[in-house]
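Note that the chains are named A, B and C in the order they appear, and that numbering of residues resets to 1 at the start of each chain.
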Amino acid sequence: MIPLASIIDAFVGAFDFILHQREAVTGGVQVGGPEYIWTFARTQLEVSAVALAGALAVALPVGLVLGHIGKGEFFAVGFGNAGRAVPEIAVVFLLASLIGIGLGNVALALGILGLPPILTNTFVAMRQVDRTTVDAAEGMGMRPWEVILRVELPLAAPTIMAGIRTAAINIFATATIASFVGLSTLGDFITNRSVYGDDGVLAGAIVIAVLAGLIELTLAGVQWLVTPRGVKLQRVTRSA
Amino acid sequence: MRGLRVRAAFLLLVAAALAVTIAACGGGDDDTTTTGASGDTDNRIASNPDNGKVTLTIGSKNFTEEYILGEIYAQGLEAAGYNVKTKLNLGSETIAKKAIEDGEISGYPEYTSTALGSFFSVPADQIPANAEEAYAQAKTELAKDGLVAYPPTPFADSNAVGTLTSTADKLGLTDISDLEGQSEDLVLAGSPECRERIDCLVGLEKNYGLQFKKFTPVDIGLRYTVLDKGDADLSIVFTSDAQLANSDKYVVLEDDKGLIPSGNVIFIASKKVADDAGPDFGDTIEKVQGNLTLPVIQELNARVDIDKDKPADVAHDYLQQSGYIK
Amino acid sequence: MIPLAAKGVLLADAANKCAPGLPADFCQKHEVTGCVGGNGLFCFDWAADNFDRYVGPFFRHLEIVAISVVAGFVIAVALALLSHRHRALAPPILGGTGVLYTIPSVAFFFLLLPITGFGLATAVIPLSAYTLQIIYRNTLVGLANVPPDAKDAGRGMGMSERQLLWRVELPLATPEIIAGLRIATVSTVAIASLAFLAGAGGLGQPLIEQVSFNTNIILVGVLTMAMALVLDLLLVLAQRFVTPWRRVRAG
């Protein structure tokens, strides 16, 4: 087993890389430090946000509608299963080859990876909404879009959020390899040991893991927030 | 847990069935344009049965030229009677050097400029431009780490600033210095590590005084794609690339200040392995690389990068047509 | 100065004669038109001729997936059995496996490189770690969902706790466990396409070797997904075989 001392050493070195600038292993330029690392982190967060927004804009409405009318289960669920099998690196490079590189194209590739969990979870969540509640709403004369938005969606929200969480983490994790196709993300530190040194590699991994954890926690918090259902139901009955 | 055992057996059965099907469906060898061997028979590598006791593992880094070189050395050593395995996927020179030191590979082909710059932190402007000098310096330094280096190949390879010929004509670019005053509007593409390397972007900024509109990191496999697609105006390419010689489409800007080090290839090996392998080891290595002039390596690169042939086949043809093997 | 190839010198001209500098009979024409040279969307001829290049990586990929999933399964089920007995273990284990899952694969591979070297181990360890959470959670849920009546019946027949576990609880939990195993397997097949970064090979290796060649990328993608599909189907069949009284859960 690796001696504890060298593990501690490695982490100390990584934190030093995060906190202070130092010369690159190949010499001649300063790397490291919070601002330096932040430029890479910000790019990764930006492209992830754009990709997630795009995936939401496409998958959410489709999932809501299909879930509401109850059709297309094979597609929605199958798409989710198939989506898990897609090798992200192939999608990224294929799009780079066909369309080109840069923020838009990378966001597109990542967005495609975010579609399956959102679509599947939204569909399944909608199907799991208690039919009597939906019937009651329709009986009160609500139109389909009203039923979806004011009755089904709030009840389905927790499961949908779980899908969004999965999509967000997948997208953020895959954005690590975006530096192969034109975007400088935290993956740079990890894959370029010859420039950033062992400290840089570990620092990159730490920052990515911490940010991923923060995203996960934030979205888990959002999921918790959308969970209380009583409030939503009250709003619906009052407006009838 | 009977169910589990059955399931495992199932999986194994189907995996085996899959294996048989795929093996049966596997295509035949692709067409290799083998003309008659042009070399005379005394150029041929002699198979020495004593070498059969030695097992070698030849490594290479993860791009076309390295795959070809790795295969050339591996097949040459095989012809000399050694048992040869290959490990042609080492992600970087750091990984490769560690692999030799850990005994995972016997050796691999490296560029003198990379060895001096990466392993021994020699500043880019102090790397000797002369092939023999660079080799001598690398050899001395490597010896301190218990590694042996063999004499260099005829061809040298280096980073270069490449662009579309149309771009060069439009902007009047022949030398890198011509970029002065224009580079602020141009996008440069290079490998991710290029951004912080003194023999790459940092050197261009500091020593040529150039500022670029943007630096776009890309996998080196995309270095020409970014020019084709217009995602970058300039791209870091390699002087031995096939694409440079195969068409008029691309051109390379001259390094007029002589700041980008060029490297011939030297085969680096563990001294212990080399000693144990006997004299045929070094002799074979030096022999098979004898014909690797710049046009030849470009031709070989073209076969892999443009024709999409297998590096192993390309290496085989090279060895055959140079008369080293039958 | 570095001698560069003269600008525009063709290795072989239109008449297929060799350019100066090459040994006679050495050059060949390099087409930049046509499917392969022009990077068409998918070159069937090339794919058929060169399919054998993917066979080795395919089976290597399968090997990586198999080892990772089996290792992850064994560890996760063991942990779940432990947590089934001692409930208090569940939250920390769930949390721990969750943390492992958050570490992006690229980071995990490169972190292990100095420790476990460039090869199979560096790929298998992270891949197994990723399977832990889903298999652990599903196993635990599956065991928890065993109807109390079934357990009472078992106890009534004089089964010990251990016999109860192996003869009643686990078989009843099997669909849930296999559901988790399916997800874990399919995900592992996809993530293993990055295993080449760890030096373990797999289908990612041919991908990175010709990274701008569409046919290559598509072949790797299709083969990866086909492997995932087949493994998933196998697990579905296995579940039908083992628990024929239960419908297979979707997803």
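Methods note: contacts are C-beta pairs under 8 Å (C-beta built on N, C-alpha and C of every residue); 3 or more make two chains touch, one makes a residue touch a chain.
All figures in this text were calculated on a predicted structure; none of them were measured in a lab.
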{"item": "Centrality ranking, top chain (CA atoms only)", "value": "C"}
{"item": "Centroid comparison with chain B (C-alpha atoms), farthest chain", "value": "A"}
{"item": "Euclidean distance of C-alpha centroids - chain A vs chain C, Å", "value": "21"}
{"item": "Whole-Å gap between the CA centroids of chain B and chain C", "value": "29"}
{"item": "Whole-Å separation of chain centres (CA-atom averages), chain A against chain B", "value": "37"}
{"item": "Touching two or more other chains - residue numbers and ranges from chain A", "value": "93, 96-97, 180, 187, 191, 193"}
{"item": "Contacts with two or more other chains, residues of chain B listed in rising order", "value": "219, 222, 225"}
{"item": "Multi-partner residues of chain C (each touching 2 or more other chains)", "value": "197, 211-213"}
{"item": "Chain C - residues contacting chain B, complex", "value": "1-5, 7-11, 19, 21-28, 30-32, 36-37, 46, 48-53, 55, 58-59, 62, 113, 117-119, 166, 170-171, 174, 196-197, 199, 201, 205, 208-213, 216, 230-231, 234-235, 237-238, 241-243"}
{"item": "Interface residues, chain C side, partner chain A - complex", "value": "39, 41, 99, 102-108, 110-111, 114-115, 183, 186-187, 189-190, 193-194, 197, 203-204, 207, 211-214, 217-218, 220-221, 224-225, 228-229, 232, 250-251"}
{"item": "Of chain A, residues touching chain B in the complex", "value": "24-29, 31, 93, 96-97, 100-102, 179-184, 187-188, 191-196"}
{"item": "Complex contacts: residues of chain B adjacent to chain C", "value": "1, 3-4, 6-7, 10-11, 14-15, 18-19, 22-23, 25-28, 30-31, 33, 35-36, 38, 62, 64, 67, 89-91, 95, 98-99, 102, 104, 129, 156, 158, 160, 165, 219, 221-222, 224-225, 239, 242, 244-248, 251-252, 254-255, 258, 262, 291, 293-296, 298-299, 302-303, 305-308, 310, 321-322"}
{"item": "Residues of chain B touching chain A in the complex", "value": "92-94, 117-118, 121, 123-124, 189, 192-193, 195-199, 202-203, 206, 216-219, 222, 225-226, 229-231"}
